[in-house]
Amino acid sequence: MSFTLTTPSGFWNPLFWVIFLALFGLIAYLIYSRGNPSYKKESDQVRPYLSGNIEPAKEKVQVKAGDIYWGFIEALKGYYKILEAIHTGDIRDYILWYLGVGAIVTFILIGGV
Amino acid sequence: MTTTIIKTTTRLLAPLILVFGSYIILHGHLTPGGGFQGGAVFASGLILLIVANVRDKVQKLFEKTPLTQLESLGALGFLGIGLLGLMSYTFLKNAIANSGFLFGGTTPQGINPGYLNTGGTLSYLNIFVGTKVLAGLTSIVLIFFLILRRERDEW
Amino acid sequence: MNGSLFVNFPFIVVALLLALGFYTIGFKRNLIKVIIGVEILEGAVNMFIVALGYVKGGYAPIYTQAPQEAVGKMVLPTPQALTLTSIVIGVAVTALMLAFAVNIYRHYGTLDVTRVRRLRG
Amino acid sequence: MIEHLPALMVALPLFGAFIAPLFKKHYKGVSIWAIFITGISVVLSLLLMKEVVTNGIIMYVFGADKPTLVLPSGYAVPIRIMFEVDAMGAFMAISATLMSFVGAIYSYSHVKKDTGLEKYYALLMLLEAGILGMVLTGDLFNLFVFLEIAGIAGSALVGFRNYRGEASEAGIKYLMVSSVASLMVLFAVGIFYGQYGNLNLAYIAKNVSFNMVDMIALGLLFASFAMKCGAVPMHYWVPDAYTEVPAGINPPLLVATYASLYALFRVSFTLFANVVIDLARVGWIMSILGVLTMFIGVTMALIQKDVKRLMSYHAISQTGYMLLGVGVGLTVLHDPSKLAEFGRDAMAGGVFHIINHIIYKSLLLMTAGALFYVTGTRNLNEMGGLARKMPITTISFMVGAAAISGLPPFNGFASKFLIYETSYRLNPLLTVFAMVTSVLTLASFVKVFASAFLGPPLEKFENKREVPKPMIVAMLILAALCILFGLFPNVVLDKLVYPAVDALINFAQYHSWGGLA
């Protein structure tokens, strides 16, 4: 039994994937082994340096989920404004959208366009 | 909702409704109606009894009535009768008709005055569906009744 | 002319009921009324199927004490069976919707659909 | 007994569902009962698939040996209710039973603290019966009945946590949407009945003409099933329902959604495939709907803070891939050269994506349920540093996230690969959207991973521990399936997906008997 998946313009074989994984693992290890060996985990080296200020509590410096991709969302503000406007959460709108889409689909199907 | 008029009417009407419901269930294979309709009529009799009484009495009565079990029984009976059909041909095949078993009398051809002892599995299915429907509908109304009456008492 | 209107009359009613049902669902603010709208829709659809099943001069397929002239003119009761099934389902749907409405009223203190929308966005 | 499989498939979960209320307060007993019944149904569905692949379409008539009634005048019509199982139906049946099984295992400990569990499990099995009926039936009205059964059972489960107002809100929304959609399906069924005097799918498909009333019926069916499967812009109920439902029900509920997708495919392929003129149009509507669905779904997911809601929006977005894949196939269905060139593979991608998505999205929603179980919140802003406390959940989540983003060697990769390649042949723009969606998907899962699992360990989660064993088992089953399907996609494609796709393409086979056997 062969495990090769042939698609219209390519293929996939788990064996090749394992070979490539090993290859890139090797490269990663090579890069890793060139690192600085004097780094110690149990010393002050792991503490962040904040210009001499005291490190704040962990819960305060944690990046909250709402802040991740802030820039992306800020850039697409107009788009999201529209999206939030249509996601009303009103049960009646759910049915009205259905009516609208149903009407459009039926119109296209009976040959309106 | 428990005035004397309603109570008296209920006392007179409820037995009639219950009998009529059973009649519709049992004659499902002969006349219009059947399990669901008969069960609904029967349940409406029970519902009449529920709404015409005070909450505490109803609760005491129905705590002992195995409505859930009756509902399960109806559904399981239906399935069982369906599986009985596997003996001869396929699921739900009318295996009892013309077999001489209860409800398995010979079915006459053409116009007839209606014989109760016919119908085969149909009669059984009607009885089981009727059981399930009367238990289900009664418990729906019962639950609404218990919830809403309690809240009205609190208000 | 007169006859065709009479034949089509049930279907006109069906169309009106459909419009009424969707209007009630779409533009009423009370949750109970929205549920009633679903019921109207259901009535419309049931009526549509029953109206389709009407055969002029047909007899109900019940042999018990049927009149003599009914032989050979009995109709296939599929539409009635469909309607009955749909009514049974409708009962379950209504009961469940009303149960939800009761529970919503307890937790939100209102049945106004414009205020029953903590889930959005 | 093997010839009665289609009936047993539905009868078994029903039997389980009706026994379940009799357990009353023995919650442990009823959960083991549910696991037992759903486990047997998995075996049955695998047998059914084997039977279908070896012997072709199975026809099962209820209550008689023949579906046909021959009138004294010699006129023959099929009037009986019948199941017609082809490879596509069996494929969906496997998904349904497998996910119900996993959901039952997961529920064993996930809902342990709730009351009324006998009803919970009864509804779970009823939902399974509804889905199985939908995918196995060969009768339009039966399809409606099972659609309603699945809808009622599903919405009752959505509102299961009745101490939460939001659950009831989501429940009534889901129920309203599903009942309106089902009623319109019934309306369309009525239209067909009025015209052709029959309800049998094969019989109608054989006789369907291309008149305006038929097209209205198709439009109604299309819009209703599209709403039930959560296509944009009728997707609003999806996040509500998926968020509020207990996580153990998420897998079967997902399959219920895709059973509607199956019905959509069944309607457009089997019922209307003979109508040559308009089919490309239907295919284009489906593809464009698919692209819209995947893009709007994923962009909405990016801004969510509730972890289950975020994943629900991804469920919407992934539905778009399936619509796109099958839509591309549908567009070229009547063009044999193009069909052989890329249409068949496009549909294989779409259909393969159904089972892949069901597996990894169930896995992800289960990890979200595990997070909720441990932390008591679904808000991502309040989580953090859980990777050390819940290592197995973290690994499961990583597998699921990699799979949904289409990274090799997980299962999402194979199906997305097929969809990209083939949709490119139809129109490159479609592929661009699909790829952007995939990138954004990865981005939003990186967000979940970073905010819930990574970061410094928080004090409030000091003495939290890993979730109980049944939940871990359920998650690990799905994670293993993710990796297996990803490593050997060609095996799954050959055994499950291509038979299903061929069953859709060779629609003539489905109605070859024409209802007059």
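All chains are identified by letter, namely A, B, C and D, in their written order; residue positions are counted from 1 within each chain.
Assume a contact is a pair of C-beta atoms (placed from the backbone, for glycine too) under 8 Å apart; a residue touches a chain by one contact, two chains touch by 3 or more.
Since the model is a prediction, treat every value here as computed from it, not as a measurement.
Taking B-D and C-D together, the pair of chains sharing more C-beta contacts is C-D.
Chain centre most remote from that of subunit C: A (centre = mean of CA atoms). One simple way to say how far apart two chains are is to compare their mean CA positions; for subunit B and subunit D this gives 36 Å.
Between the Cα centres of subunit C and subunit D there is a gap of 28 Å.
Centre-to-centre separation between subunit A and subunit C, using Cα means, comes to 46 Å.
Per-chain Cα centroids separate subunit A from subunit B by 56 Å. With touch defined as above, residues shared between interfaces to two or more other chains in subunit D number as follows: 172-173, 176, 180, 184, 240.
Residues of subunit A in contact with two or more other chains: 87, 89, 91, 95.
In summary, the structure contains touching chain pairs A-C, A-D, B-C, B-D, C-D. Residues 25, 31, 34, 38, 41-42, 45, 48-49, 52, 76, 78-79, 82, 85-86, 89, 92-93, 96-97, 100-101, 103-104, 106-108, 116-119, 121 of subunit C are the ones touching subunit D in the complex.
Within the complex formed with subunit D, the subunit A residues making contact are 1-10, 12, 14, 17, 58-59, 61-66, 68-69, 72-73, 76, 79-80, 83, 86-87, 89, 91, 93-95, 97-98, 101-102, 105-111. By the touch rule above, subunit B contacts subunit C in their complex via residues 30-32, 36, 110-114, 137, 140, 143-144, 147-148. By the touch rule above, subunit D contacts subunit C in their complex via residues 79, 141, 144-145, 148, 152, 155-156, 159, 162, 164-166, 168-173, 175-176, 179-180, 182-184, 186-187, 189-190, 193-194, 199, 239-240, 243-244, 304. Against subunit D, in their complex, subunit B makes its touches with residues 68-69, 71-72, 75-76, 79, 82-83, 85-86, 89-94.
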